[in-house]
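Below you'll find the structures, each written out as structure tokens.
Two complexes follow with subunit A in common, the first pairing it with subunit B and the second with subunit C.
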Partner chain A sequence: MQKRKERVDRGIKARSNDVFALSSWREMLYLAAPRLLPIVGLLLLSVVLSYYWQRVLLSVSVFALLAISWDILAQSGMVSLGQALFFGTGAYLAGNMNHYFGWPPYLTIPLATIFGGVLCTLFLIPVLRLRGIYFSMVTLVLPLMLVRIIEATRIFGGTEGFSGLDPLPNKWVEMYLIITVLLTALFGLRRLMNSDYGLVLKGINDNDRSVMNAGINIYWFKIQALFIASALGAFAGAFMTHVYMFVGMPVFALDYSILPIAAAVVGGIGTLAGSMLGAFILVPLSEILRGLGGLRIVFYGLFLVVFTVAIPGGIFHYIQRKYHQFERWVEVE
Partner chain B sequence: MLTNAIIYGFVNSVILMLVALGFNITFGISGIANFAYGALYIMGALACWVFFNSIGLPYFFAVILAVALTAIAGALMYRFVLLRIRGLVLSEVIATFGIGLALLEFFKYIGFIGFQYSLPVFIDASINIGRVVIDLQRILIVIIGTSMAAFLWFFTHYTRTGLRFRGIAQDERTALSLGINTDRVAMLSVSFGGAYAAIAAIFILPLGTINVEQGYSVLINALAVCIVGGLGSTGGLVLASFLIGYGQTFTVTYLESHWVMLVPLIAILVILVIRPSGLFGEQKQLEERI
Partner chain C sequence: MRTSPLLNVSGLYKNFGGVQAIAGLNFEIAKGELLGIIGPNGSGKTTAVNLITGFVKPTEGEIHYRGKNITGRPPYKIVRLGIARTFQMVKPFYQLPAYKNMIIPLYSPRVKQITGGKYGDRDAVALDLLEEVGFERDSFVAYKVASVLPQGYLKRLELAKAIALQPDLIILDELFSGLSLAEVASIVPIIEKLRQQGKTIIMIEHRLKELFRIADRVIVLNYGQKIADGKAADVINSPEVKNAYLGSE
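Showing the complex of A and B:
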């Protein structure tokens, strides 16, 4: 007798999804828990952790932002292999504004976010007409090239970079600034991707020809998605510049390109929350594995391979499925 | 100075062509963008170094073994990873990139860094062409590069396996219905790409040392040449490698060596504005890209 596994939605999901009048605390909790978990979790973590792990939480949040920005691009049909471009541009903009004009962080960070977004979008507009791997190729090249330009022309501090930049007022401002931005980006962009606007972006990923047939200018939409993603990345860069009080060539390092992709792949592409979850798994893991040195990147590479092949949906999709559905074995007729 | 630039530019162009050939075979036949290409390139060179220096085989056997090993690595990569995600472009890119990254960083981790890691030149001598001195290794590269390209052309036009290659390149489903095992042919194409990478590395790297970082720049050069030439078109590849190769050499001669890195990127941007499908790209490819 053969059996197969059947997946059925839980009753509580059906009740709380379609019926708008929630009838019990249990149903409300069922809906609210997944949304409250990251908020409460982050706020709790920011208080209970030791100083060292608070610093780790900062970089986790930064990588989570980069992973979310990668996910937005991937959902709009642009696979970027160079998140470091966004990160580095934001970091250098903030660093320059602070170093040359002496502007304080509360001015440089927003400015670097906006102009970093505009600048990266301008960089990538010529290649927006490319699809799939062609776009990936160009994004892979750009950050590596910018490093060479800075090295060659010795602009922006050359190989030394700028150090001694203004820090943020204190560690709590740092912590809650990044947490606020991360949560806003997560929930705001999830909402955006579920709206009609997000539908167009997802449509470009699925079949850009038919989106064009609907009379929509896909390049204009791609430019907007690119701006959102690169502004997020630029914010992360500008923030880190003021946290480390340093900006230099390492901001274009491969780490900032690879880790976000690895996080998105491990967590699950297409949900944003998955990317964030991935960052919260991978970055602390790499912190624990710090003793391994260069071997860490080897592990990221292997993570990428194993997860794309074995668990293509990522962890988040798995958890989501378990949360909404139950499984049982039924006989094959 | 000009004749110097012309001759060395020629050599540089052939080097680029040799580097891009392997990437182009794999992509042209099976549609897989092998982002682990740079890693296979370095792996070929390091394998050759290990066989020659650590195990002490004769150089000739070391070369053959290294090429075979890289080809097998490519085949294994297809069999155990790419086969499962075939056709999902995003997954293919991420998985091959992950493999390449893991390999390169692993080589770096186990300490293949330094001047002692260099392959011997085949013939240590130089000749004069006019007033330009050029060493025989570079001439050998030109010979090998052209013969590899010619071999590829004959192979894909006059052998059964080669015709199968072109078959699945044109239409994989039709090829399948005609009794061609498309998975095996695609596996062969990846392993061919690996073998070409190893051959390119073994002939080119004696000019310098084996530097793991080169894995990334090799990949970038191969990508640039392929985009400019129109992916999958061998004629375009040759023309593009000459354009970029001469561009790089003239940049080094008349400007500054730091700007070399910019040449491939500018070439990509210009070609995208003028002819988005690449120099020899056809209408079909145009549709795929835009």
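Showing the complex of A and C:
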């Protein structure tokens, strides 16, 4: 007798679908739990962690932002290999404003976010017509080019960069600023991507000619998505500049491009929450493995391979499925 | 006095490298007319559609719509003027459910312009439109992801997406190809209903029998040129057409 696995929605999923969710606490909790988990989790982590791990949490959140930014672009049909462009542009903008004009972080960070977004969008507008790997190649090359320009022309502090920049007031401001931005980005952008506007972006990824044929200017939509994504990345860069009180060529490093992609792949592409979850797994993992010295990268790589093979859709999709559905074996007739 | 045509194509040329896909095409279509375009494979039918809808820019020649020169304008601008098309190779959003596929045209500036932004719930409008083209309201089919829908439904979805744009001119690129006789028979009334609403329709078809039953006028393309133009019965009997389709002797 052959059997196959059948997936069925849990009763509670159907019951909590509409206004009926208000009929019981259990249903309300079922809806609220996935949303409360990241909020409560992050707030708890921020107080229980040791100083060292609090610093790791900052870095995790920054990578989570970059991964969300990558995911937005990927969902809009633009596979970026150069999140470092956004991160580095934001970082250098904030650094320059602070170094040359002495503007404080509460001015430089928002300005770098907006102008970083505008600048990166302008950089990429000429290549928006490219699709797939052709677009990716350009995004990969741009940050590497910028590093060499800074190195060769010695602008923006050259190879030394700027150090001694103004810090944020204290570690709590740092932590809650990044946590607030991360959660706002996660929930706000998830909402956006589930709206009709987000549907158009996903449509561009799925079939751009069909979106054109619906009378929609896909380049204008791509520009908007690009701005959202690059502003997020630029914020992360500007934030880290003031946390490290330093900006230099490492902000264009390949780590900032590749790690967000790995996070999105491990966590699950297309949900934003998955990308964030991936960052929350990969970055701490890399810290834990630090004790292994030279073999760190080997184990890290092994972990990545095992994970992507075992749960190809990403962890978040897996958890989501388990949460909403149960599985049972049924006989095949 | 003769009214000016809705669409006027004059002296159109398109070369793809050394291949001349369209070679001096002229035709016009009056408001409310149903024009059939037929021709052997590779005769330039789809290229003609791509040129009119802006997906391809002509090498030479002009296209006028309502007296306005629309040559070389991008597709999204042409849609906004009221020209919608379907694709021969269906282009649904495969990852989205059928009714969500409809949201994207409903979101377009063209629809907003006509309805003044007041269309109510887009999902409800989408389901209404899908019902019009034959997605049964009481079934799950409108909620299924496009990638699992059979070809017949994908063609209907393609048609519904064009209708959603509330166009004045609809260009149907081989809508009937890949459909069973029963499916074609069920779509013909939808097209007739569009005509009653005063829409102008261009149909590119290989299913000549069905086309001839509903077309007012048929033009025949061969090697990118118009070789016949007239009523269906006259066209099919002209020696040039027989020659193009069947080969000489």
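We adopt the following convention: the second predicted complex is superposed on the first by the 309 of 333 C-alpha atoms of A that agree within 3 Å, B and C clash if a C-alpha of one lies under 4 Å from a C-alpha of the other, contacts with A are read in each partner's own complex, and residues count from 1 in each chain.
The working rule: contacts are C-beta pairs under 8 Å (C-beta built on N, C-alpha and C of every residue); 3 or more make two chains touch, one makes a residue touch a chain.
Worth saying up front: this structure is predicted, and the values here are computed from it rather than measured.
Asker: Going by the contact rule stated at the top, is it subunit B or subunit C that touches a larger number of residues on subunit A?
Answerer: Tallying touched residues of subunit A, the top partner is B.
Asker: Once the shared chain is lined up, is A:212 touching subunit B (first), subunit C (second), both, or neither of them?
Answerer: second
Asker: For A:301, decide between first (touching subunit B), second (touching subunit C), both and neither.
Answerer: First partner only.
Asker: Kindly classify A:1 by the partners it touches after superposition: subunit B alone (first), subunit C alone (second), both, or neither?
Answerer: Neither partner.
Asker: Of the partners subunit B and subunit C, which touch A:152 in the superposed model: first, second, both, neither?
Answerer: The first partner, subunit B, only.
Asker: Based on the A-chain superposition described above, do subunit B and subunit C contact any of the same residues on subunit A, and if so which?
Answerer: Common to the two interfaces on subunit A: nothing.
Asker: Residues of subunit C touching subunit A in their complex?
Answerer: So the residues of subunit C in touch with subunit A come to 53, 55, 74-76, 79-80, 84-85, 87, 91-96, 100, 103-111, 122, 161, 164-165.
Asker: Can you list the residues on subunit A that touch subunit C in the complex?
Answerer: So the residues of subunit A touching subunit C come out as 196-197, 199-200, 202-203, 206-207, 209-218.
Asker: Quick one: in the complex, what on subunit B touches subunit A?
Answerer: 33, 81, 84-85, 88-91, 93-95, 97-103, 105-106, 108-109, 216, 219-220, 223-224, 227, 256, 258-259, 261-262, 264-265, 268-269, 272-273, 276, 288-290
Asker: Give every residue of subunit A touching subunit B within the complex, in rising order.
Answerer: 74, 79, 81, 126-127, 129-134, 136-138, 140-142, 144-145, 148-149, 151-153, 254, 258, 261-262, 265, 269, 293-295, 297-305, 308-309, 312
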